[in-house]
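Questions regarding the structure given below will be posed in turn.
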């Protein structure tokens, strides 16, 4: 089985082999994972503007991936830019970061708390919770106020996520913590350990690992997205485009 | 006041001066409306794939419109591709077709029914109802199964919309009918008359008219989108692009 | 166009020309606004007992207003005593203070917070939110604990509303503040400015202004209340009454 | 114990000793029930206009009843005109027809269906279901399209209610039928028998009986309405009134 | 009338005649109450494991009770182990502690707060609130962190419950307090008095008293559980069992 | 990895090696599945009475399984008797049939329909949907009215399930069909094929396969049930029992 890992961002060096290995860690030995980037779009997703810039290229890359023989695509972002669009266009499973982690988390606790990076993605994530009708199982979304591209300082991140997780448990009644950004990969074990040390035996779940295993499962079990919800796009005139500046001008 | 009418589609000749006049009919005399099209994107919105192709250019056109001195932008589509993205990027009000008609309709009846064009946009519209937390006031979305680009045969459309509206009233308890596609402009009066003739004194509301007046009101009253919900995009590397083929290749 | 401003209270001198000008400030030049009072009822609305005393006279005054040629009636109170009753009895639009401000606020933010005057009106307002099915978009109602008839000390009011608004933003996640009493007219600008000064770019909306513009829009666009939701009263014996004491005895 | 039966209507001869005996049938031997009527108001409640005409007098009659030594008041109507107002004003329990029957019905089945008289009261009843947050347990409200003052032809009524009840069971999944008008007293046993005859062992509940026993229980158990939800009215100027025409002019 | 009081626990001496008299205090003079215990099961219910151990014997004891001529059974626990099972198997009313107190509480306030014993029963009680579709009327469940079998130190319990009740009122907006464990019998009056002393006129309701009166009412009014919701068990092979050790081994 | 398959029924010969192979078909080669039965309980689960008879033994068997070295337990029933109880008592993942299929189905379509066996299990399944807060994603539960122990006539079953599935798609808007009884194993492929033949490209999911793969995933990813939701049972006196009649007397 071949799964495409597709961060919905252009390649500016963010994301390491280490991180890819980390999220792929629960895949079966015969599952291969490749990574592609977008040709155009933002260098990180920190709001719905970034999502909009990414969505079209995500959908088209999914078509390309299906044609290239991939069995599934992981749109590697806790938001899900272009995910529903891609499901209309292809016949292979496509997941962003939110849905798989949410569905696994539902099996672990009555109330789930998302701890994410920045205040600006809170409405985006609460929007996903509403869009997928899961408000009754999720508490309010919390954030640590650290931008995505600064997430690599793990010690600070671990401490901040642990603090917000404790508030989620004590004040919001959360039973499971969901890491609300795919770029938070790598802190799950440490946060879980820190919570355990304070007497909270609470699962902490990482969205990349969850998504890749969910996709692998969909392929193994021949599960697919319903064509009642995701009808194929009609043929019509659609105007494509190409990147204007390959030199990554800041906008 | 200058409002930009922005159908989130490329210009393939769809949309007439007549239709523009129709939706602008309730604007105040000193409100001007211009119409722009996308440089790239689909030729109509009939699902979330089309929305994804349109979203980025919609958001960027809104930035351009604000810079050009427009006071507000109507993303002329019952879906709202790029609308939330645009609100992050600009300081002027931006509405798609769904929200304004929904908010006016809430003032007219306890239960509202959307009658739209095609089955493939039903999940998109039910998604907007869920995203905006309005499930308790809306009945299930109904459709007449006519593609957007065939909507210009008004007689057939009027008859089909009237039939679905009667079912919405009788079977779903709807008190108000909302026309669920901005391209359905022009049938409101006839449908309302037909329903009246059968004893149903039920408002039928058209989304373009509703959106333009809502935007005009926002400008007049200095209402704006909250920066808690729509935080401005951080500066970062974002890759732009340009249209690949100006000759409207079918995809 | 002629709109009737109908505070659902007897005239004891509360309400000034200044306040009327304030709420009418966004009306079009050719829209006239007159003000009537009730013949009997309470001198302010601070709970459901007061609403019940007002409701009948509100409904009958709306009938009188329609007969006198008014195009719309604003029942000038954040509760909506007699509003649904009046809609059954007349063919012109009738709004209280809650619905219009709620519907405009829905277009500004994902989560909206009402800040009102007294604890005793909180169940009344939370009841309106429930009755109109908007719980998912509104946070809990907050109050400043100042009686309606003491609202004219603006400095104290502005400070108290600003404090509660900050709590609504920080603790409840509110993105927009709605002033939950029509007698709070006049503080909107100051509260908004104070919130801005603390870095919150959050709309503050005033219900009288919102209601009058909503009514004006309904008239301009020929929008009306559905006769499925508001069926006309059947003819039957109904006993009317007259005021017992014109000298405003305290009850 | 003395309970006041207060139909929120003026006395035009509707309501018989038989009907009063019927609803009082489950009261304890030492519970007395008296009946009062309004001095002004409608001759029946068939919509929110009628409710508004009744509300003030209902609230004031409850004050009068408390002063006269009554232990509880039943506002004898499936709508609840003036009920919440009265609870603010008195210290004795006050119930309309909806709440008690709803709360008993909740103990009998997962899904409950109200079958009422006329289409115009459907929004009023669905409004109560929403106001009291019980949407998840109630199916859509059904009606037999018979005006209140014609309800005395029992055979027709029984047959019509049975038919709608069967639809509620088969199409809406209802497990219990609630008679949605206090003037439907007297058909409960026959409808239940008819449903049994078709194999449906489904409770049919009558609102007058339910309300009177609920009130009796509240008095016996010293239960009362919370002063957090129902704060006492502040002292202020309130204008009372007297009936204009005792000769029951039609309006 | 004969009601069976059935604590879903084995008899280890917990529960006194005093407590039984306390919960029976509002029963009518001609209502008899007997108490049975389980033959096997836990010695107290403090989670869903205990519920599962009790459920079968509860259901079978209800069958036995019906055969022995009881008119109703109170499964004396705020959880409701075996209650729905028993309703399928018998034709008499069966209630646990949660439903009756909830339904009476609904008539007292807009928002209700359960204060219970231990954190481990919070998910069980929040599960009942969800199962019975009452989330909109209940605030989060609070607890005093005292095990059931230590509840007999009333002073500590009263103080702790009063403190949590005040938080429920101030922070969660509760208008009525529900004692969330049938073993909390006996503190209701003192907690209510303590809340009154701080200016909160808020009902405090005890679940045993509520349940017994609800059952008595069901019998008096011939109310019963719908056979649409609770269909009788089909005949089939079912394996019964007997207690293994009568000497109450700890598990 | 070793997973225990635990049908919550006594062994009366129902369930074949073929059916076990069918549900285990997506397990990894190195995952072993054993099957145990209850020592006491019902011979099938067709309502909440049967669930109550099974619950205690299910929970105790899970303890036994954990002690015997199993890594996970599948309580092989679409209801989930004893599942939450078991999670309190053990440290390994335990799932019934409902949750895993629900969580996978959420990833396939916006609206999901359960098609089950008998009317008496409908309230049990709708109860699970409510308990797990998933009402917004599930349509009403449909059934084919065939008892569990007659399910082995596959042709009749396939036809009946296909018919109900088509109604779920057409009338309720379902996008995915969930087989609502673990004993329906074996018809998934045929129903899916029949729906495809009518133009519905709609996933049909089987609960045993879903549950076993979900458990395997939990073990592989070290996911577990939160100890906030499922606190371990306190030590206390609990009375065990033994089967009374090993000869399977009908009850």
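Every chain is named by a letter (A, B, C, D, E and F) in the order it is written, and numbering of its residues begins at 1.
Please note the rule applied: a residue touches a chain if its C-beta (ideal position, glycine included) is under 8 Å from a C-beta of that chain, and two chains touch if they have at least 3 such contacts.
These numbers come from a predicted model, not from an experiment.
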Checklist entry - What is the set of chains touching both chain B and chain F? => result A, D
Checklist entry - Measuring between mean CA coordinates, which chain is farthest from chain C? => result F
Item to check | Chain pair showing more contacts of the two, B-D and A-F | outcome: A-F
Next on the checklist: What's the distance between the Cα centroids of chain A and chain D, rounded to whole Å?
Outcome noted: 53
Checklist entry - Using the average of all C-alpha atoms in each chain as its centre, how far is it in Å between chain C and chain E? => result 44
Checklist entry - Which parts of chain E, given as residue numbers and ranges, touch two or more other chains? => result 110, 123, 127, 130, 133, 136, 173, 229
Checklist outcome for this item: Chain pairs satisfying touch are A-B, A-C, A-E, A-F, B-C, B-D, B-F, C-D, C-E, D-E, D-F, E-F
Next on the checklist: With touch defined as at the start, can you tell me which chain B residues reach chain A in the complex?
Outcome noted: 10, 12, 38-44, 46-56, 58-59, 81-82, 84-89, 119-120, 123, 127, 130-131, 133, 147, 149, 229-231, 233-246, 248-251
Next on the checklist: If we count contacts the way the header does, which residues on chain B are in touch with chain D in the complex?
Outcome noted: 110, 136, 173
Checklist entry - Given the complex with chain B, which residues does chain C contribute to the contact? => result 26, 28, 93, 95, 99-100, 102-104, 106-111, 132-134, 136-137, 169, 173-176, 200-203, 205, 209-210, 213-214, 217-218, 220-221, 223-229
Checklist entry - Can you list the residues on chain E that touch chain A in the complex? => result 122-123, 126-127, 130, 135, 140
